[in-house]
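Chain lettering (A, B, C and D) follows the sequence in which the chains are written, and residue indices restart at 1 in each chain.
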Amino acid sequence: MSCDGAGTAAAWLRVAEVVREHRDELVMLDREIGDGDHGENLRRGFDMVADRLTSAEDDTPRAVLRLVASTLISTVGGAAGPLYGTALLRAGNAIGDRPVLDAAAVAAALTAAVEGVVARGRAEPGDKTMVDALQPAASAAVAASERGATIAEVLAEASAAADAGAHATVPLIARKGRASYLGERSAGHLDPGARSTALILASLAASAAS
Amino acid sequence: MSCDGAGTAAAWLRVAEVVREHRDELVMLDREIGDGDHGENLRRGFDMVADRLTSAEDDTPRAVLRLVASTLISTVGGAAGPLYGTALLRAGNAIGDRPVLDAAAVAAALTAAVEGVVARGRAEPGDKTMVDALQPAASAAVAASERGATIAEVLAEASAAADAGAHATVPLIARKGRASYLGERSAGHLDPGARSTALILASLAASAAS
Amino acid sequence: MKKIINDPATVVTEALHGMAAAHPDLRVHTDPAYVVRADAPIRGRVAVISGGGSGHEPLHCGFVGPGMLTAACPGPVFTSPTPDQVQAAVASADGGAGVLLLVKNYTGDVLNFETAAELLAADGVDVRTVIVDDDVAVRDSLFTAGRRGVAGTLPVEKIVGAAAESGADLDTCERLARTVVASVRTMGLALTPCTVPHAGEPSFTLGEDEIEIGIGIHGEPGREKTRLAPAQDLVRKLLQPVLDDLEWQQGDRVLLFSNSMGGTPLIELYLAHGSAAALLTERGLLVERSLVGPYVTSLEMQGISLTLLRLTDELIEWWDAPVSTPALRWGR
Amino acid sequence: MKKIINDPATVVTEALHGMAAAHPDLRVHTDPAYVVRADAPIRGRVAVISGGGSGHEPLHCGFVGPGMLTAACPGPVFTSPTPDQVQAAVASADGGAGVLLLVKNYTGDVLNFETAAELLAADGVDVRTVIVDDDVAVRDSLFTAGRRGVAGTLPVEKIVGAAAESGADLDTCERLARTVVASVRTMGLALTPCTVPHAGEPSFTLGEDEIEIGIGIHGEPGREKTRLAPAQDLVRKLLQPVLDDLEWQQGDRVLLFSNSMGGTPLIELYLAHGSAAALLTERGLLVERSLVGPYVTSLEMQGISLTLLRLTDELIEWWDAPVSTPALRWGR
C-alpha cells in the first residue's frame, strides 16, 4: 500500500469495514459496563466516513485525517466522537502537509493522538479507557521508528501494543467514562473504547502490510 | 343446623371462609377470561361480611341476608358486587319476616335470586355467567321442595345443579361480562362467577346438612 | 411480581395519600375513596363525576380539577367502585345544578353507577348517566355486553368538563357527552401483559415476537394474537377499524390521541403518533388537534391505543378551553 | 426486543416527526436534529439550551417552550448529541442576549457541548455552560468522571427557563443554574432493565426479586444489586443518601420530585411519593412543592428516582412561574 493520500484514504475505508464487522461485539462490551452504544456510535460515524471518503478527491494524508476527524465529530456523539475526533485532528496536524507519510510521521501522529485524547478526556493510563490502548501503541511506534523500522513495522508494533493494552484493561476498576459509575463492578470487563482503538490500529497495520 | 337467623348467620360465616379458601382459584379463573379480580373482590366483600355478622345481634334470616347483601354491594365492586347483592336482597324479600326457614322458602329465595340477577345483568342462560349456575340451582330447588324434600335436601340438589351448570359453562362462548370481549377465545374456560355461585351453594348445603 | 408497593390490599389507599401530598388543590378521601376538587361544590355548576377501577392512572383521579372532572371514584385495581363511593362523591360535589355521571361501559361499572344513581335519584338529586363505549375491537350488539369504554373517555371528560365549568346546564352537558361518545373511536394493542397486584401473575403470556391486538384496558387479552410488525403496519392495523367504523368525509377535522398503555416509552409513542398523523393526512383527514402520552393506562403494560374524535367547531372550543388537573393542563 | 419502531437507525428522526405533528408551537429539525420554540429567537432574552441522548423523554425536547428551554438537541438513544446539533440549535435560538448550555455530567455530553461552546465562542457568541451532577449514587472525586446528571436536570431547566423568560440576563441565569445544581440531589433504583433499540438486548439482567439501587438513566446497572423490599423501605433507601449529602435544617423547605424511569405505573409512583413525603415530614422538612410523573426516563425501565431540591423564596418564585411545554405546563 502506498502512504500517500489515496493510500491513507484506502486504509480508513478498510477501518470503516472493520468497525462494521465488529459493531455487535463493541455494543456487547459497552452493554456490560457502559450504555451499549459504542459499536453503534462508531458504525454510524464510520459509515458516514466511508460515504465521504469515496466521494472525496485525492488529497494529502492530513486532509484525509481531517475529513475523518470532522465526520466522526459530527456523527458519532458520545464520549468516543470528540475523543477520536480530537485524536485524528491532532494526528493530522502532527504530520503536516507532506504528501507521503514515513515511519517517523506515523509515530509522531500517534503521539499527538494520545496527547489529544488526554487533553480532552483527562484520563490517565490505568483509568480503563481507550488511553490504555493508545498510549502503549504510541510508545511502541516511537520506539520502532527510532530503531529505523518501516511504516508497516511501526504500525504492526503499535497494533500489538494496543491489543495488549486493551486486554490489560480487563482487571482494572474504571475511573473515567461511564464504566466508572459501576465502581468495583467494572472490573472483569474489557473496555470497549480500548478494544475499538486496538481494532482500528490492527486494521491500519494490516493495510500498511498489504 | 337450625334454620333461624342465627343458623343463617352461621351458614354465611362458613361461606365467607369458603370464599377465602377459594380466592386464588377464582382469581386464576378470572385471569384466564376476565381481569383476574373475582376471587379478590369476593374475598374483600366476604371478609367484611364475616366482620359484620359476628358483631351483629341475632335477627331474622331476612335481616341476615340484607346485611350480607348491603355489605357485598358496598365492598365488592365489579360486576359480582351488585349482582350478588341484588340476588340476596331479592332472596331476603322472598322469605319475608318468618323467624325460621322451611324448604319452600329456600326454593322461593333461590328463584327470586335468579330473577334479581337477570333483571340487573340481563344475561340469559347460556351466556356463560353466574346465571348458568344459579338458574339450574333454583329450578332444582323448586322441584325438590315441591316433592316435599327437607331444606338440607333442597340445598343439596340445588348445589349439585349449580355445580353441573358451572361446569357446563366451559365450552360456551361468553355473551355477557368481560369474557365476552374475547369472543371465541372465551370457550374452554370455566366462568368464574358460575364457579363462585356453585361454591357458595355447596357451602350452604353443607351447613344445612350438619 | 415486582412492584413498588407495601401490600396489595392497601395500594389504592396509599396511592391516594401520595395524591393528597402532591396536589393541594384536590380533596382526597379514602373511606369511601373519592377525589374532589378542593373548591367543590360550586353553586350553580353541573358536577361532572366519573370513576372506575384503579390501575388506569392518571384516569380518572388525575383529571379532577377546573375544566374537567368535579370528582372521581377510584375502585380497587381493575375493579369498579361501589355505589357508596359514588354517593359520597356526589354529596361533596353537587352544586345544586345536577350531576352527570360518565361511566365506561363495563358490566361492573354500569351496575355500580346505576345502583348509585337510583339511590341518588331517590334522594332527589338530578342525576344523569352517559355510558362511554369507544372501543371498536369489540363488536357491538344488543345481545352482548357491548363495546368497552377505553381511551375515548378522556375527550368526553375534557369536553363535558369544560362546558360544565363555563356554566352549561345539565341538559347541555348530557347532550354534549352523547355527541362526543358518538364521535369517538379507539383501538389498542399490547406488546406485554400487566400484573394486577392482588393477582400476582401477568394477565396473559406472549411470545417474544407476539402481540395482542384489540385489547381493553384491564390487562385482558385482545381479540387476536399476532406477530410483532413494523410500527407503520401496527398503526395501520389500529387505525383501519377506527376509520371503518364511522363515516368520514375528505376534509373532516379530527383529534388524534395517541395513548400509551403505561409502559411504552414516549419515543415510541411519538413515533407511532407521527406515523398515524401521516396516514390520516394521506386519507384526506385534517389532524387539527393532538394528544400524546400515557393517559389511560393498564398498569405497566407496554402497548398503545389510537383514538380519533371527529371535531366540530363546538368540540374544538371545549377541547381548547382551559383545564387545570394533575395530568391535563393548558390554557387560561 | 419488542418495540413499536420501524428501524432502530431511524427511531429518533421518526419520533421527531411525531413531535412536529403533535406540537405546532415547536419547530422540529431533523438534520441536524434539534427542537426550538416556534417564536425563537426572542430579541434580548437569554437562550437556554440543553440536550443529551434520546430515550429519556420527555427530557429534553418535551421541555422546550415558554418558561423553560429555548431549544434542545436530541442525540441518538442514550448517546450525546454532536457539536453541530448544538451549533444549529444556538443559531436558531440566540436572541443576542447570550446562550446558557445546561449539560448533564457525562463525558460524552460534556465533550460534545464543550466542543460546540468553543466553536460558538470563536464565532463571538456569549455562551456559558453549567454542568448538572445531582446523582448521589456516584461518589464524586477529582479523579473520576464525577456524579451523573439525572432527574435534577428538570428543576434546573424549569427554574433557569423561568428566569430567562422574565428577562434575566446571562449572568443571573448562570448564577441561578449553579445555585439549583448546588441544591438538588437525586437517587434512583430499577426493578427492570431497558432495551436500547440498536442494542437489541436488555441492558442488564435481574432475578425475579432483585433490584438495582443507584442507577443512572442510561440503563446501566447501579452500584448494588439487592432484594426487592416493601415500598417504604425502598423509599428510605433512596432518601437516606440524598438527605446525608446536603446539610439540612429542621424546617427547610423542599421540592420533592418523584420520577418514574418510564415503565412504573403511576399508582406505584404516587404510593412512593406519599411514603417519601411522610418520611420527610417526620424528619422535620417541609414538602412545599411536589412533582410526580415520568419526566426523566430510561425507555421502558421500571423504577423510580427521588429528587430533593432545597427551596428558597427565589427558587419557589421561578418554580411556580408559568411554563408551557409539551410535558410541563402550569400557570399564566
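We take it that a contact is a pair of C-beta atoms (placed from the backbone, for glycine too) under 8 Å apart; a residue touches a chain by one contact, two chains touch by 3 or more.
Which chain is which protein? Per UniProt: C, D = Dihydroxyacetone kinase, DhaK subunit.
Fair warning: this is a prediction, and the values are worked out from it, not measured in the lab.
When you average the Cα atoms of each chain and compare centres, the chain farthest from chain D turns out to be B. Put simply, the C-alpha centre of chain B and that of chain C have 32 angstrom between them. Chain C and chain D have Cα centroids separated by 29 Å.
Inter-chain spacing, taken between the CA centroids of chain A and chain B, is 75 Å.
In chain A, there is no position where the chain touches two or more neighbouring chains simultaneously.
Among the residues of chain C, those touching two or more other chains are numbered 77.
Each chain pair that touches appears in this list: A-D, B-C, C-D.
Those residues of chain A whose C-beta lies close enough to touch chain D in the complex are 27, 31, 33-37, 40-41, 44, 73-83, 85, 120-121, 175-178, 180-183, 185. Those residues of chain C whose C-beta lies close enough to touch chain B in the complex are 9, 32, 53, 75-84, 106-108, 111-112, 114-115, 137-139, 143-145, 148, 196, 198-199, 201, 203, 216, 218-221, 223.
Considering their complex, residues 2-7, 11-12, 14-23, 54-55, 57-58, 62, 77, 191-192, 194, 208-209, 211, 228, 230-232, 234, 256, 258, 262-275, 277-278, 287, 290-292, 294, 297, 299-300, 302, 304, 324, 326, 329-330, 332 of chain D touch chain C.
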